[in-house]
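Common to both upcoming complexes is chain A, partnered first by chain B, then by chain C.
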Partner chain A sequence: MKLMIVDDSNIIRNRIARIASDSFLNQKLPNIEIVGAAASGVEAHALFLKTRPEIVTMDLTMPEMDGVECTTLLTQVDPQVKILIISALSDKATAIQALMNGAEGFLYKPFTDDELINALLELVEE
Partner chain B sequence: MSDLSEKDIDVFIEAVGDYFKKTTQEAASVGVAYLARNAFPMNDFTGMIKVSADYDGILYFSAPSAMLRHLLTVMKETNQSDENLLDAVGEIANTISGNARKYFGENMVISIPEKVAGLPSSFNQQARYYAYVIIIKWKHYSASLIVDISRKR
Partner chain C sequence: MAIVNNTNTFNKYSGLLIAVTLFLLFNLSVLGLNFYTSSTLDNDAISINLAGRQRMLSQRTAKVLLTIQVDAAQGKFNDKNTAELKKVVLLFDATLNAFKSGGQVLGGDEKAVTLNKVSDSAATKAVDAALTIWQPYKQLLTPVINSQVVEESSLDAATDYARDHNLKLLTLMNDLTTQLEKNTKAKAGNLKLIQTIALVLSLLLFGNIVFNALRKLRAADGEIEKAQRETTEILNTVKEGLFLLDPELLIGTQFSSSMNKILQHDISAKVPFMPILEALVSAEVFSQATNYISLLFGNKVKENLILSLNPLMQVRVYSTTSNNIASAPRYLSFQFNRVIEDKRVLHLLVTVQDVTEQVTQAEELLKLKGQSNINLDFLRKLLEADSFQLQQFLKNTNTGLSALNTILANADKRASNHDDLANQCFRIVHSIKGESAAMGLEAIEAYAHQFEEHLSLLRKKTNWDTQEVLSLPVMLSALFDQISQIEVIVNAIQLHLESANTTQKQTSVSSSISHNLTRLAAQVSQNQNKNVRLNLSLALLDQVETKTAIQLQQIGIQLIRNSICHGIETAAARAAKGKPPHGEITISTQMTPQGAIHFSVRDDGQGIVPARIRAAMVASGRYSIEMVDQLTDKEVVKKLFEPGFSTASTADKDAGSGVGMDLIQSLVNEIGGELKIDTKPDVFTQFTFRIAQHKAPAINLESNLFDSTVNVLERVT
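And then the complex of A and B:
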């Protein structure tokens, strides 16, 4: 499955990519091809149109366009895309808003490697 | 002056402890918060989050470069440029303030992180007379979390 990573933190983008790649090698996840990474909602929208990923990990607090707005845009382009929100925003209202705008899962930062693997696994097995 | 209560400050203590435990699999020693007046323990790199709406002020996470490099190594991040060290302090400040919204609610609006190397030029002007300081010890390094936040009246 094709994965796009969206987060304004370079170290978080790299960490998600590394965990996803290692998990495939360790056979914890099915084959996930990372098709790109974006640092803002605007960049993510352009990259999405170009690469058409099936799974997206999405940060919420980002410059230019936040994750909720970007989630709405991406699901309008492709209602089948599966979006996992990965954010530190831990209040209920934010999680509900993200899910109502088309996200399929929510993983709170900080996360362990296993927590990310399990969240991705749930998404790909749906 | 920060008018947050001891219970409010515990939210930040818990969040910073949780960050190190989950990210590094090794607990940090998080000290008791104390009120400081002007003499704030700032380090090489600082991440800042401005809060607004029902709250006002700034949260600072400040750490020495050696600690951040070690942290990135534990996270298997090989790029240890200053850019990534700045990214790390910004992400930690963002995570702690974001987690605090579980307790404070959505009406604590948080900004995207601002990150600086050295002492933030705006720090002296922006910090109030008193702010809470929390010292975090991880491995043999020491970082600080400065909570300069109050409720709007």
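And then the complex of A and C:
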């Protein structure tokens, strides 16, 4: 499955990428191919059109275009895309808004490796 | 976790379905057998019919043959007879052969019918015997039926044969008919038997199916009833509120009985849930919850991946029934679980819990954490404090608290005189407050302040209720606890110091009092936001009894508070009067040439102004304007020493409770001596206490109220 990581922090982006690729080695997750990482909603939208990922991890607070707006755009392009919101718990209302706009799950920061793996597993499970 | 309903109808009713299928198959095969038997019976009927016809044909053959012979004897020839004979003979022959080996013959209605060859031995025997007679007969008849002109000899031969064998042939055909009838009858009997058995079996099978179905139905009903009973029991017993929410957001037909209590709302089946929720929670939480619930009813989001977003996981709820704002806050927890059938969210199972206790406990834990910080600070203060002073403080406080205890223990007997009781308590507590503040023991100071506030509330009331009096010992015991804690710690420190054999320099009484008063002045001036400089010259205190020195310290404490709070003006006010921005308090001890010791406290504040005291007296509501006007200035100043009197409009931790002067009065009484007040408006106030030594307190009242300086010498009784 193709994964795109959206987060304005490069530390978080690298962490998600590392966990996703490591867990593939451990065969915990189905074949996940990281097709791109974006630091803002605008970047994510452009990258999405180009790479067409099936899974997206989405930060909420980002410059230019926030996660809620970006989620709306991506699900308009592909209603089947599975979006996992990864954000701090402080703003539940915004996270719920993102879910209303088409995201499928929520994971709060900070998260452990296992929490992310389980969330991704839950996300891809039919 | 989602709850998934699996309803496999086939498994549940497989037994019944198999029984019904067997029943149908059985009935179908019986029907088939019936059909088969009746079709053979049809064939048998044809055979019987045709066998009967053979009897007729044999007689007809003989009759027509004889008719032809009679006609021939008379020389007549009727070709109709010949034709009939031919027809009859051919028909008989064909039918007899068909009986022998099967085949088609003309039936009664001139249509071809299939005749089965006879199978049983008796019939076969009859047919064979008939054929034996018939074959020669047929030979003899052939010339008769085939020629226009019948030879007499042939005719006679045939007629003779007919005469000889006709009866035999009839008998054989009759036997055949009888035999066939017998066979058919037997077959029909069998058929009847089979039908009867089949009917009985079918009925049995049907009965079995009905019985089993009923039994199953009853068992199922029983199970349903039992399940319902169990469900009801569970719903009646569980502490949690449990109910199902349907996609229209209506509450399901069954819900736990604790729901009403938890939601503080009368719940009934099929009522909308959202208005109930709306009344309980804040508008913001409600709108989040609405979205959250709609997310769960949708199929898109993963239930397990949004649990942490549940805005109702722990939510403060507001009372819908009473307007009592003061009631303790309540917290509820709503958990939602999808109930899924055929990959569709059918319901949400909602679990509601009252988590007030957990939340309160968590809050208390947090508070305790804060308290432990305070305690650390407290410990640091104790370590910093001078050990001699600390011992004195503990001793004084214990004495005070014991006195308080005695007063409260006798409170009932003295119920008629509550004012007195409150004032006595107030003095003691106020003194503890002052000393603890001087020691920097803020925790004790806070306790004492709280106690004092409670007492001042009581003092304002004319009638005390028992509860209010009873709360006093509780507060006293809290103070006792604090003090005994300190004692434990102080003793431990003392032991530690002694065992370490430290040669700590014993500080003098005067220096430790100086230290305390300096700290107090710094603290109070900071609280009051005033600039104050404290000048101390207390060396002579080392020459008086320690007890007296500590009492003088208490007087100093009260007077420093009064000076900073009431005497010294704000920096702005001082500037307006042309005074330096910082106020000055001077506490000094002096020895008179006669060897008496004077303890004086002087500030450069606004002085004592009788007019202000008069105004405060009127404002207190205890005195009318007329009463106040009748008093002399001296008398007015003396009011300062009355319990509960204060010129400050609001009481805070430092001053304004109106007890300080009263306390000073008591201390002066205890020590013995004279107290003099000198004051000049906007310039200074000075309290001078002449300590009486080795002699009874003298009665001395001087005054010079009409000077710009007011001298009030309090008489000590």
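Note that in this section the second predicted complex is superposed on the first by the 124 of 126 C-alpha atoms of A that agree within 3 Å, B and C clash if a C-alpha of one lies under 4 Å from a C-alpha of the other, contacts with A are read in each partner's own complex, and residues count from 1 in each chain.
To be clear about the criterion, contacts are C-beta pairs under 8 Å (C-beta built on N, C-alpha and C of every residue); 3 or more make two chains touch, one makes a residue touch a chain.
For clarity, every value in this text was computed on a predicted model and none was experimentally measured.
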{"item": "Partners on chain A (chain B, chain C) - clash or fit", "value": "fit"}
{"item": "Touched partner set for A:E104, first chain B, second chain C, both or neither", "value": "second"}
{"item": "First (chain B), second (chain C), both or neither touched by A:R15", "value": "first"}
{"item": "First, second, both or neither for A:P63, with chain B first and chain C second", "value": "first"}
{"item": "Chain B versus chain C as contact partner of A:A93, first or second or both or neither", "value": "both"}
{"item": "Three-chain overlay, closest Cα atoms of chain B and chain C, distance in Å", "value": "8"}
{"item": "Footprint overlap on chain A, comparing chain B with chain C", "value": "89, 93, 108"}
{"item": "Contacting residues of chain C [partner chain A, same complex]", "value": "284, 287-288, 291-292, 294-295, 300-302, 304-306, 308-309, 311"}
{"item": "Residues of chain A touching chain B in the complex", "value": "8-12, 14-15, 18, 61-63, 87-91, 93-94, 108-112, 115"}
{"item": "Chain A residues within the chain C interface of the complex", "value": "84, 89, 92-93, 95-97, 99-100, 102-108, 119, 122-123, 125"}
{"item": "In the complex, chain B residues that touch chain A", "value": "18-19, 22-23, 25, 72, 75-77, 79, 83-84, 87-88, 90-91, 94-102, 104-106, 110, 112"}
